[in-house]
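Dropping a structure here in structure tokens format, bear with me for questions.
Order of writing sets the chain letters: A, B, C, D, E and F. Residues in each chain are counted from 1.
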Amino acid sequence: MLHTVNKSPHDSSSLRTCLSLAKPGSDLLLIEDGVYGALSGSIHSDTIAERLNSVTIYALGPDLKARGISEDRLISGIKVTGYDGFVELASGNDKVQSWL
Amino acid sequence: MLHTVNKSPHDSSSLRTCLSLAKPGSDLLLIEDGVYGALSGSIHSDTIAERLNSVTIYALGPDLKARGISEDRLISGIKVTGYDGFVELASGNDKVQSWL
Amino acid sequence: MKFSVMVNEGPYTHQAADTAYHFIDAALRAGHEVFRVFFYHDGVNNGTRMTTPPQDDRNIVNRWSALAVEYDLDLVLCVAAAQRRGILDADEAKRNGKDGDNIAPGFRISGLGQLIEAGIQSDRVVVFGG
Amino acid sequence: MKFSVMVNEGPYTHQAADTAYHFIDAALRAGHEVFRVFFYHDGVNNGTRMTTPPQDDRNIVNRWSALAVEYDLDLVLCVAAAQRRGILDADEAKRNGKDGDNIAPGFRISGLGQLIEAGIQSDRVVVFGG
Amino acid sequence: MSETKKFMYVNRHAPYGTVYALEGLEVVLIGAAFEQDVSMAFIGDGVFQLKQGQDTADSDMKNFSPAYRALGDYEVNCLYVERESLEERGLNEDDLMPLTWEDEDDDWAEKKSIHIVSRAQLSDLLEEQDVILNF
Amino acid sequence: MSETKKFMYVNRHAPYGTVYALEGLEVVLIGAAFEQDVSMAFIGDGVFQLKQGQDTADSDMKNFSPAYRALGDYEVNCLYVERESLEERGLNEDDLMPLTWEDEDDDWAEKKSIHIVSRAQLSDLLEEQDVILNF
């Protein structure tokens, strides 16, 4: 199952709710303002990093770039992908849950 | 100064940010989904109740009623007012800061 | 006291348009003046006459238009925000080469300067948004 | 693989309309089929031809219309959501007694059943929203 | 359409502040005609949609809470409410509207539509679905 | 208009995800012509508006970050950024665009427009305003 989160973890409960319900083995793609959840050194980084052993976390590259976030600022283990990768994740998983 | 908060404290950071910046003596009016912040027994209730000695907190009655929240469910010390009271708070304070 | 109000969200989608209306209505009934209501962001969607809400629901657009008549209210849609969202009066339609307009009675389209002026001229500015 | 997409926010106001567009574009370029794009909530505002964005910005409405032509895409605006927000085609205008319509080329207005049908007929439904 | 899919409508927004709850419910009511295997989940502030005693007389909005009571007649009778979301908000099951449906296969016995489930159970339910629509 | 008022534009939204940052900036640029006493505050996710290195080439949105650099020319040169908001987000002052203005009263010396302030200082600044507009 692919989960997407499009809201900042600082402003919205979406990422927290997503992580509370995502099963081990799930994929999570951070998009739009959701990519702020991929930043290292924030008050949410540790919580997110802890889930990387059970959930594969991606961040959408074009959205990171728009927001001026270079890949060296990401939590270690988070993968960067593009719109093509988003389509592959959506087709490779059996369904998509969007945490709006 | 009158502060207004129109978002649920469970979904948004608005109330937390408001309380971090509101000075003692301020008025705070909870409106729209912000009135959920007035409910007693929630995980945010204690934090909000602690501020009642320095900030006067109101909740908009028509919005409580729409959401099925009766006054006996509110954190003790929170006052209920209507649209007329909102206008009085806005005119009685020197300015209004809306935490959208 | 002289109020101005800023409305930043569209009708039905967010309650902000309702709260702004009831606040203004209460202020006017209490004898206050409302210098201007400025609609910004999706707030400009309050000003289209093409809206047809379900019959058992309130008609937010008509409610604004009626209030404008009753109290001679100045309801201003921001032109830049309106262009992004497809809200036009006859002048704007002509200027942008569009084949029709959709502004509701009682509203006018003008620039952001109207908001700043409202801030300067009014005793209080109250912002309603999402 | 057969995708359907739901778009729940208006253009410019939320990035969801951009992300949905780029997702669909990438899916089509990868050879997937897109059965339907269903616009709900403020998403119906993607389908008005009255929009005039600044010249240095993308034109989100025209971008949808062009994609519809290129790939014969089915772009559906929910009728109930469109009525609340003042988006009309000629039939809806006549039915609701309005003096004009504003739907953009390549879009059509239909009922919520089109969304459920898309869920039944498609391998994946992806929701983009605010 | 011969295929039957498992549809879940996931509700995460409070009513009235935004339109998502109302327009989400409209999808469920229309969708009921398609004879799919339908359920609803209420997570986070979505649990507030089911609060008893909603009364919009003073705010002049449309009170759409009675429509939840009609869900049983549309054969939408699996409403899963996350227990942790209720507790975090100071609510319990008694705060929710008593929604019921009549079971045709059990001599039209009246049964509860609302099921309070744990976070772990809800996580399992999400995995079982074919189509998830989010409101 | 003879009166001069203290206007503060309070920015609490990240750029691009929603339009508030862009349309808020448009208000500030237009407002500059009115010769009021203007400042901007960046709180919460609003601090992301000032992040260096924004590049929208791959997402095809309008990159409006260069407009912040023009603020100095419009005599908008008091941008207050809440230190706690930066820290909570893993950012520091070096992550922000180096915005400057030229001080006419000091032989056109180039000065910083961004002031990192504490939560307590920002709270004081809010109290001093006549008009607060929120984006």
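Throughout what follows, contacts are C-beta pairs under 8 Å (C-beta built on N, C-alpha and C of every residue); 3 or more make two chains touch, one makes a residue touch a chain.
These numbers come from a predicted model, not from an experiment.
Distances between chain centres, each the mean of the C-alpha atoms, put F farthest from chain E.
In this assembly, A is the chain whose CA centroid lies farthest from the centroid of chain C. The distance from the centre of chain E to the centre of chain F, each centre being the mean of the chain's C-alpha atoms, comes to 43 Å. In this assembly, the C-alpha centroid of chain A lies 33 Å from the C-alpha centroid of chain B. Rounded to a whole number, the gap between the C-alpha centres of chain A and chain E is 28 angstrom.
Note: centroid distance chain B to chain D, computed from Cα atoms, is 38 Å.
In chain A, the residues that reach two or more other chains under the touch definition are 6, 10-11, 13, 32-33, 62-63, 82, 95-96, 98, 100. Residue numbers of chain F whose C-beta contacts span two or more other chains: 16-19, 44, 59, 61, 130-132, 134. For chain C, the set of residues that touch two or more other chains comprises 12-13, 15, 22, 41, 54, 80, 84, 125, 127, 129-130. By the document's touch criterion, interfaces exist between A-B, A-D, A-E, A-F, B-C, B-E, B-F, C-D, C-E, C-F, D-E, D-F. Taken in their complex, chain E has these residues touching chain D: 1, 3, 5, 7, 19-20, 23, 26-27, 30-31, 33-34, 36, 130-134. Listing the residues of chain A that touch chain D in their complex gives 6, 31-33, 60, 62-63, 82-84, 86-88, 90-91, 95-96, 98, 100. Against chain A, in their complex, chain F makes its touches with residues 13-18, 44-45, 48, 51-59, 61, 63, 65, 88-91. Those residues of chain E whose C-beta lies close enough to touch chain C in the complex are 16-19, 59-62. Residues of chain F that touch chain B in their complex: 10, 12, 43-44, 84, 119, 122-123, 126-127, 129-132, 134.
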